[in-house]
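To start, the structure itself, in structure tokens.
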Amino acid sequence: MPDDRPLIILRPAPQERDRIFAPDTLARLHREFEVVDLDTDLSDAALLAALPRAFAVVGQPDLPADRLAAAPALRAIVNVEGNFFPNIDYPTAFAQGIRVLGCGSAYSQAVAEYALGLALDAARGISREDHAARSGREKYVSESNVGAILLRGADVGVIGFGNLGRSLHALLAPFHTNVRVYDPWLPPAVLTDAGVLPSSLEETLSRSTFVFVFATATPESAHLLDAAKLALLPDGARLILVSRAAVVDYDALLAELTAGRIVAGIDVWPVEPIPADSPFRALDTVILSGHRAGGIEQAFHTIGEMVCDDLELMKAGLPPVRLQAAAPELVGRYRNRPVG
Amino acid sequence: MPDDRPLIILRPAPQERDRIFAPDTLARLHREFEVVDLDTDLSDAALLAALPRAFAVVGQPDLPADRLAAAPALRAIVNVEGNFFPNIDYPTAFAQGIRVLGCGSAYSQAVAEYALGLALDAARGISREDHAARSGREKYVSESNVGAILLRGADVGVIGFGNLGRSLHALLAPFHTNVRVYDPWLPPAVLTDAGVLPSSLEETLSRSTFVFVFATATPESAHLLDAAKLALLPDGARLILVSRAAVVDYDALLAELTAGRIVAGIDVWPVEPIPADSPFRALDTVILSGHRAGGIEQAFHTIGEMVCDDLELMKAGLPPVRLQAAAPELVGRYRNRPVG
Amino acid sequence: MPDDRPLIILRPAPQERDRIFAPDTLARLHREFEVVDLDTDLSDAALLAALPRAFAVVGQPDLPADRLAAAPALRAIVNVEGNFFPNIDYPTAFAQGIRVLGCGSAYSQAVAEYALGLALDAARGISREDHAARSGREKYVSESNVGAILLRGADVGVIGFGNLGRSLHALLAPFHTNVRVYDPWLPPAVLTDAGVLPSSLEETLSRSTFVFVFATATPESAHLLDAAKLALLPDGARLILVSRAAVVDYDALLAELTAGRIVAGIDVWPVEPIPADSPFRALDTVILSGHRAGGIEQAFHTIGEMVCDDLELMKAGLPPVRLQAAAPELVGRYRNRPVG
Amino acid sequence: MPDDRPLIILRPAPQERDRIFAPDTLARLHREFEVVDLDTDLSDAALLAALPRAFAVVGQPDLPADRLAAAPALRAIVNVEGNFFPNIDYPTAFAQGIRVLGCGSAYSQAVAEYALGLALDAARGISREDHAARSGREKYVSESNVGAILLRGADVGVIGFGNLGRSLHALLAPFHTNVRVYDPWLPPAVLTDAGVLPSSLEETLSRSTFVFVFATATPESAHLLDAAKLALLPDGARLILVSRAAVVDYDALLAELTAGRIVAGIDVWPVEPIPADSPFRALDTVILSGHRAGGIEQAFHTIGEMVCDDLELMKAGLPPVRLQAAAPELVGRYRNRPVG
């Protein structure tokens, strides 16, 4: 009896199959689909052999126009890295009615919780005092709390109101903060509907005690936060950088932190690993973090579940609802580095 | 012209006047009341001289029955330390219709935010990795996130559902956690109305990934969390201790942390400062903190504002609404150390 | 063997025992306490015979000083009608350390849900169109929606921010309304902490599209909303009156409604039943309701549960937490009519 | 100087231009675009003349393949009625990279508020008692509240979790309800992420005291709620029907309501207007409503604003964010009648 289940090409590299598919999720994928598993076989031959019957490709292989032409049954290409790259001939894919889907939202909760953790740490000096205690220099009660502030009722700025910004905003609800958002891709009504104040970048920076940066790296956003913009931050501001290093001038940031004018929690860096002799490593005004905000097991496993859920919906003739469709207008713009 | 404003005795020691009254709040107090300022004069003579005309005492001076008898106009005694002590003859005060008021709730938001910060840190290793980066040992992305977990959707236990527990619970709302509460002073309906599950101590410990301890120190709660109770915590649990050291057996806690079975954020200690040779100082499974959760400037200034607001209401013949009335049943029970 | 359970006098009139105690709650009360049931025996003799051993009185019998003197074991008097009356010698009770407790909060959720229902009805004409359809006069779609407005994003005024106002405010949260509150018994910080704007009565009326009246009837609040105040309401305002008739000038209100300038949902009336020939009965601009906002079975049964919970706590030496303590400053002021 | 603004064909029939575009929104549209206004000119000639240069079509004109072929610059077709009809050759449109967008979400808040209003009315008998009072038959307090229930803590069922279901769910948050959802187009994780219980239709009906019907009319959902399904509702259930009449067997519903077994708020009808002799008109167990849930001015004006916002984004090379893209899988399925 022929296998009439739709065929899926699974070639997640540089993601790893077992990181994104928990065992039961992988079993489910195999139950619902015929899976051509190319987790370790990155050869063109294997990919090309499977394309003619493929219903979906899960991964980031090169798919120029001629390969798409060889895949008449293809309905979905699922990027499992978190960002869209120029690996696909997008116009051709869209013209063929192929859905190009991304898993970026799988990381949102992890990043938002981490960003809030960094903000509370920056507000209260948690890691600073923990570090001090390890060499017997900790202070107590009021003496340890000079400059400590509440998040409740604070002015908060959010730069970028996509998945990450929205997830962080949801966590702020019980703090009764006053949130300004700068996002040049959204009309004001989307922001006011969400309960935040649409603002310019300048106003967002100059009027916020806490600033969260979630900007996508594009040619336009390179060094969006340069020395002049960072200088707008009020004294004592807390700056939380979890995405993307390219949008900040780190030399200017170092100057502000060295002067003790602001405090920052930094998870993304222009060069990773952070150079051994980086002056950031010695500052008391920074929380150092190695690109850790999103990549936790629960986030990775969510990707596998999203893939299963949406491919099963498509198999049943329904639209996907968990993965996010690539916007034709944006697929050429991103300059993000892969998470992973 | 005689001063017909009610007289207030201000003797906040061991609190300090200027820590709890911001300049404008103090000016407001002086505008509405005749203030006998005993911030630095702790003599009996000054206190006794002012008592006969006193409308309110702000502070913790000794007020046995004979002194209360000498204060026929006294309507309120406001404790500004956060805990009630045996400095007052409470039955006599209550019989005289004197309101005994406390300011404990002024610290709630600061403690709740700090507790959440410790929890997110314990969940994700923020201070651990910051500390590692300062000696060039930090890890990146997935490698740094072994054991990292989300707060979202987690099982959470709260021990003690007074001001602190409720304030923390409010902050958890957007995380969609499943909250169990152990509080032997509350009937189940109060907890179910608040949207949490009333639970035994055992169930709270054994079924929660995050446990927050906000228990008041009483004779009954001494070493409430002993070795047997701590052993109930699931592997990988995160324990957040912000109040009170007396309720935990720290030797048993040290054993669990040394074994790497759980992770803890600890703000209160049986002896403060933490002894220089304390083995806690070297553990990677603990976030070290020196009794810093509540004592920040905004909390202290809130006390002064609460005092002004409520004394003004009482002056106008209305009941106080911000400070909390001492419960006759409980004033004799507390064994808390002062925050200060 | 003598009964060593504390004795409770149950004399709820004009409430009824079986209305406030569901069978299992009543059984629980009998299990924990010795109950002298005076549900139908309103004689002085029965009351006086039980007082000397009474731990608590549940109900509103007259308790002047001499009767209180005859009740040395009395710890609590629980009013089960919703308002405090001059049936007790309050100063004597307080001096004896007797807690005087009320059950008003038991009605809060029922009243808040009803008030929201009236507001949505007034906003959208639900009962008006239902009534029209019963005589074949209903309209459809846009034609039926002239003047219909959203609650979302609206300016809302709340007069009185006690149990009722707070419960209503909680229900408004997802509507992202802009709430102004007038409450002369509360300092501004209590209101700003709750996320509402402290306002004068004039501003609350003139700037709100929806106005909810929850004012307690006192000598000061009589006809608080007179013709001049009602004239401040913007055209098309929705006025929701669920408590108390005494605070509104109904002649002035009738004039506004007859003119079609505002719409009202009215649950309380200066005379109940509403006179047969009341002109209110014929107006399309009013939703007519017969003092029904609070008195539903779930609210009544909550009273019984609150009584049981709190008396059991007091029996165990703990303070009550569900019933509300009478404020000495306020017990003499209320002029409310009983719910019942 | 040639007009280099993109050209928009505005042919909203059977919608009306001035109902969806407030004056300032229309002015804004004219400022940003060259507008060919066919509000009253429904001729083919006018449409065909404008198509070759059209950037967007706002409305529901017939757009078969040959007309799309004649519109090489077309980037967007915006349906402003709320439902997708077979007026477009969808596959051809998608293959040309044309976005087909709908405005359904503009009605969500209005429908959700109305549905909540109906539910509170059904729970408490607001319109029933208002109607009674108009003929002097109203009852008071407890006597009027037989069968009245709280929404707080209730079991709630939601059938269909699209825009409407989600908007209603948001309004339920402060009621602490227990929500079950039946939606065969969504995987369980979408529902659990939203904080509701994924359920079968049978469980949703049999375990819910309040049931909200938001099901889209498709061939599969015709008479989804037939006699057998309605019989699953618990005694005293409240059924809120705001979308779509086709999914319910109204004869079976009439039988349940006549028997007094359930109470319903009904806004959609198999035949509108409701026949003059419909037995529904005389029932006390129903709230009668003439397809009024969504069509209010604020909802209509939101459509115009969404159109402006998204076409401006597309003009700037960005993806639309307010209107919803038609799913290729679903455009052929809908059987909804137009709102309007």
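For reference, chains read A, B, C and D in written order, and residue numbers begin at 1 within each chain.
The rule is short, and it goes like this: contacts are C-beta pairs under 8 Å (C-beta built on N, C-alpha and C of every residue); 3 or more make two chains touch, one makes a residue touch a chain.
Please read all numbers here as calculations on a predicted model, not as lab measurements.
> Give me the set of chains touching chain B intersected with the set touching chain C.
In this structure, no chain contacts chain C and also chain B.
> By mean C-alpha coordinates, which chain is most distant from chain D?
Looking at centroid distances, B is the chain farthest away.
> Between chain A and chain C, tell me the centre distance in angstrom, where each centre is the average of that chain's C-alpha atoms.
That gives a centre separation of 50 Å.
> Report, in whole Å, the distance between the mean C-alpha point of chain A and the mean C-alpha point of chain D.
33
> Cα centroid separation between chain A and chain B, in whole Å?
37
> Is the way these chains touch best called a line, a ring, a star, complete, or other?
ring
> Every touching chain pair, please?
Here the touching chain pairs work out to A-B, A-D, B-C, C-D.
> Along chain C, where are the residues that touch chain D in the complex?
19, 109-110, 113-114, 116-118, 120-121, 123-127, 129-131, 133-134, 136, 138-142, 144-145, 148-152, 170-171, 173-175, 272-274, 276, 281-282, 287-292, 295-298, 300, 339-340
> Using the touch definition up top, name the residues of chain A that touch chain D in the complex.
Residues 91, 94-97, 185-187, 189-190, 305-306, 309-310, 312-314, 317-319, 321-322, 325, 327-330 of chain A touch chain D in their complex.
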